[in-house]
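One chain, subunit A, links the two complexes that follow: it is found with subunit B in the first and with subunit C in the second.
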Partner chain A sequence: MNAISLNNNERIVFSSIPVLSYDQFMEQNLVLLENDSCHCISYFGFHFDGKIRLVCCIADDTQNSILVSSAVTLKDECLPSFTAHQQAFHAFEREISENMGIGYTDHPWLKPVRYPANRADRKLVIGNYPFYSIDSDELHEVGVGPVHAGVIEPGHFRFICNGEQILHLEIQLGYQHRGIESLFLEKKNLLQKVILAESIAGDTVAGHTTAFVNLWESLCNYKAGKDLQSDRTIALEIERIAVHTGDLAALSNDIAYQPGSAVFGRLRTPLINHFQLWCGNRLAKGLIRPAGTHFPYTGQLADQFLRMLESWEPDFNEMWNVFHKLPGVMGRLEKTGILSNEQVRQIGAVGITARSCNLGRDIRSSHPHDYYSQINHQSVMKRHGDVYSRAQIRREEIRQSLGYLRQLVNDLPVREPYKLLQLQPEPGSFAISLVESWRGEICHCAVTDKNGELMIYKVKDPSFHNWMALALAVRNNEISDFPVCNKSFNLSYCGHDL
Partner chain B sequence: MFDHLKIIIHQGKQYIPDVTTAVVPGIFRGRPVISSEISDWKALAEICPTGAITSAPVSIDLGRCLFCGECAFLFPDRIRFTTDYKLACNVREDLIILSGEDKPVELRPEFIRKEISGLYGRSLKLRQVSAGGDNSCELELNACGNVNFDMGRFGIEFVASPRHADGIVITGPVTENMAGPLQICYDAVPEPRLIILAGTDAISGGIFDGAPALNRSFLSKYQIDLYVPGNPVHPLTFINGVLELIKKRKKND
Partner chain C sequence: MIAFVLIFLVSLFFTGFINRTKSIVSGRKGPGILQPVRDILRLMKKGSVYSETSSVIFRIAPLIYFSSIVMAVLVVPFGSDSGLISFDGDFVFFAYILALGKFFMIIAALDTGSSFEGMGASREALFSMLAEPVFFVLIGSFSLLTGCTSFHNIFISLNFSSYISYATGAMATFVLIMLAMTENSRLPVDDPKTHLELTMIHEVMILDNSGFDLGLILYSTGLKFAMYGALISNFFIDSFPFYISIPVFLAVQFSFAVVAGLIESFMARFRMSHNAQFIFALASVSLMIFIGVLLMTGKLI
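Right, the complex of A and B next:
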């Protein structure tokens, strides 16, 4: 094994990452992925010393470590693909090809990822994308999007149907692309970078901002105190409960179950209003900052939170207990949108999607950060891989997170005085920050140059892995079940498109 | 059946009775009040992530402001964000809050298109187009229709098709990849059609202003009927803004 092993949020010298020949690099990472406890958290290319450097990061869940290796290649090179052997690499290699202009000899489907502004081939435009089609008199196509029926983000879904049944779904994204990764390099002011992190996905502000500040602090050799770690963990867990509750409302809505939609929907309000009490913003924008905070979590907030839960929890339980016993609800959720354990393993799915198929991907237990190392988190797992499993995981994670939150707010650490420090990253460094957001694993990683400026900033939202899960889950389902399948994953468009 | 009745009884009334006078809980960064005694505006301009602060006289442009509050942390006794959530207006310049001023942001009736109150005063159907929005404004626009804010009681609703809509609500800084679909969606709305910009990203591009992945040319082609600032927009900001847009001119005609 010729890779460097590091921990979540550990800074290393970039030049200490082994540089292998491409063949060795490929073989090594493919062998690693044969082990069930390993999955690829990030694989990217960037311009380095006039050539292209490929960096592959594999997380080992049982060793709590991350194995990083690299290789050098050139633009217009045509390489054998990892994907031909391990599908989990498919999106990473498509991205490398799209951004760097590298070709692959045997990639099964090198379709564009997001048509970024800095793509290697400017001639390709999103409006002309040639969708996969099947020439048959018995099949028809249904195109949905990019503008959808609800108040949601844009993306295009192209179904090939046999009557009412979905034979194949192709998803094309990129409409939301704002150039976040390049802007991280261009915006020199730290506050601007934090705001970019807050804008990666506005439904996962705590998740992506925690990933950013933890990474930034690691690059600067700064260790956040217990108080900041506690704040960040509280924010992540409130965000998890709030979104999970909202998702149960949305699932109810998609099966036309009005009481669930109204009650779960309104139960989300006091949770996000707690963010407003805390930091003045319902989605926690402005809350998380590197090496300090404007909004320490106080005993008074803890009291307000615990008091709110006194009525919130009985209301939630009452609604859930009716919801999951109704035949009309269960008929729509059970055995709909099924994924198998083998499928999620193959595509490298993470988060709720993986856990609903008994695949235990959860950074809170495998690579704990902030307060999670003290929580001894046990992932909520289900086996059936259907919409109902994903709903159940939400319900049980809400219960579990409420337990963590009670523990955290009842035992707030002593606060240290902070003056938001302007830290400077160490030159020539590399670090990875993993966070288990409500949706799943977020991975940010960065390399700094000889002046300590960012050379590359990579963001991976869990959706990057999981959109493929949706495409597979709807096969052989009725097209009318697509909305509820989609909602059960609740993936991010902007987090994917960046 | 009985279980549902129990839930209905336990839930009680959840709606906000009067959305025009409701008080937002806790701290909220709404309309800022800036003291005219600021001397060190350079430090302010430097700290602001989007260049929303300019000098002579010192002012904050709510169309660029991300409500991060950093300026108020720098000069806590000179800049104060009030909980006034009524931030919407129909003239872009009115989003610029000057130092020494403490007056509400309002729509100017003379610039509201004549046909609006007659046609849409009691029923306004809107099509939402997210064009690079980060899903925060989208979540808040959805929240406008939930049982708490219940925007539907005023006849204001989001609809599934542009063909059924009276106007579009744009969120996000308008990406190049969404420029085409946005135009197609707008063209599909029957005339007369409104354009509402929801959120700082839509109004100015926000933190993304000037990024090569954007294409904001659509916005310079048409009259904008309503600007609703926020990061994201608060449901009360949106509902009050739209209510003024469809009601105000009538009052004054």
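Right, the complex of A and C next:
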């Protein structure tokens, strides 16, 4: 094994990452992925010393470690692909090919990921993209988006249907591309960087910002105190409960079940209002900052939170009990959008999607950060992989998170006096930060140059893996069940498009 | 004449009552009762936009659809007062004039060339086809029971005397309510609220309609509901004098709207493939009415 092993939020010297020949690099990472406890968290390329450096990060869930190795290649080179052997790499290799101009000899479908502004081949535009099509008199194609009927983000969905039945779904994204990763390098001010991290995905502000500040602090050799760790964990867990509750409302709405939509929708509000009370923003923007905070979580806030839960929890439980006992609701959710354990393993799915198929991908237990290292987190797992499993996971994670939150707010750590620290990252460093957001694992990864400036910043939202899961789940379902399947994953467009 | 005027009056409030019921049940204040009418008036003042690919079919379809419903309303009687048009076999006319309007909506949806509207048209055609026997077995049974073939004669000769006839009356009301929900594309068959083009039936067919045309189509929903409500109320209005029959009519329409609102509040929409089964189930309830009638007329035993 010729790879360097590091932990979540550990800084290493970039030059200590072994550089292998491409064949060796490929063989080693493919062998690693044969083990079920390993999955690829990030695989990217960047220009380095006039060549292209490929860096592959594989997380080992049982060893709590991350194995990093790298290889050097040149632009316009044609390489054998990892994907031909392990499909979990498909999106990463498509991204590398699109950004770096590397060709692959045996990649099964090298379709563009997001048409970034700095792509290698400017001639690749969505306008001339050949969508997958079938020449048949019996089948018909339905194209949805990028402008959607519901007010959500843009994405294009191309269905090939046999009557009402979906045979194939192709998803093409990239309409939300803002160039987040290059903006991280351009913006020199730390505050600008944090605000960028906050705007990666509006529904995962706490998740992405925690990933960024943890990464920044590890690059600067700063260890956040117990108070900051506790604050960040509280923010992550409130965000998890709020979005999960909102998702249950959205699921109810898609099956036209009015009480669920009304009650779950209402229950989301007190949670995000608690963020408003805490930091003045309902989406937790401005809350999390590197090496300090403007909004310490106080005992007064804790009292208000606990009081709010007294009425919140009975309402939630009552609604859930009605919801999951109603035959009409179950008829729509059960056995809809089924994914198998084998499929989620193949595509390297993470988060709720993986856990609904009995695949335990959960950073909170495998690579714990912040307060999670003090609790022995047991992931909520389901086996059936249908829409109902994903709804059940949401409900049980809400219950679990409420337990963690009660524990956290009842036992607030002694606060250290906050002073604004101007930290500077160590030169020539490499670090990875993994965070379990409500949607799944977020991976931020950075390399600094010899002046301590960011040289490369990679963001990976869980949606990057999971969009494929949606495409697989809707196969052989009715096309009218697509909205409810889509909502059960609730993937991010902007988190994917960056 | 009186039926026509009353149905028109009720149609203005019907969707408003459904929406208000749903709002109250979900704990919201909700829009005013007349909001749907205001929306329709606003739409009618607007001009329509027509796609370049659509032909004259698309332009005339909303008008034909609307007038077909008006024609159907004309044959609906009110207690002892017959409809404006009344002749032997007018319930066949009633069913097929409605089918004609629907047919034009379907071909107009296909005319737009949109893949969504094609899907909606195919769904609408399937469910209307399945709903047709439900209606004919139901009215045919009463025709057999009374020996008459026009709505007016059927309803005035219909008198409830035995337990079986009460049972058939109750079942007929149920079938007519569910049929009205199906024909109007409401829950549990279709959800008018979702606005997800992949799941809709009727709503997806009218995606390309705008302005006056859309206003007509939306108003038709209220009119259709009121028309089915009038049919149901005829089961309850005997040859009462007007000062009793009109309040009974309004009460029946009001409870119909509330029931529709409650159904929409407490049910989830069916899976698309289960809709056909649901309509089959309605057809079998119709058959039970038919058997009940055979029992009553002594044709079975």
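To be clear about the criterion, the second predicted complex is superposed on the first by the 498 of 498 C-alpha atoms of A that agree within 3 Å, B and C clash if a C-alpha of one lies under 4 Å from a C-alpha of the other, contacts with A are read in each partner's own complex, and residues count from 1 in each chain.
One rule holds in what follows: a contact is a pair of C-beta atoms (placed from the backbone, for glycine too) under 8 Å apart; a residue touches a chain by one contact, two chains touch by 3 or more.
All values derive from a computational prediction rather than experimental measurement.
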Which superposed partner A:His140 touches (first subunit B, second subunit C, both, neither): second
Partner chain in contact with A:Asn476 - subunit B first, subunit C second, else both or neither: neither
Which superposed partner A:Ala262 touches (first subunit B, second subunit C, both, neither): both
Subunit B versus subunit C as contact partner of A:Tyr493, first or second or both or neither: first
Comparing the two partners subunit B and subunit C, which touches a greater set of residues in subunit A: B
Shared subunit A contacts, counted only where both subunit B and subunit C touch the same residue: 149-150, 259, 262, 266
For the subunit C and subunit A complex, residues of the former touching the latter: 22, 25-28, 115-116, 118-119, 122, 187-188, 191, 193-199, 264-274
Contact footprint of subunit A on subunit B as seen in their complex: 3-4, 6-8, 10-11, 14, 24-29, 47, 49, 66-70, 73, 81, 127-143, 146-148, 158, 160-162, 172-173, 175-178, 180-182, 185, 201, 206-208, 211-214, 231-232, 234
Partner subunit C, residues of subunit A touching it in the complex: 140-144, 149-150, 163-164, 252-259, 261-262, 266, 326, 328-329, 331-332, 336, 478-483
Residues of subunit A defined as touching subunit B within the complex: 114-118, 126-127, 146-147, 149-154, 174-179, 182-183, 187, 189, 191-192, 195-196, 199-203, 205, 246, 259, 262-263, 265-266, 269, 273, 276-283, 285-286, 294, 314-315, 318-319, 321-322, 492-494, 497
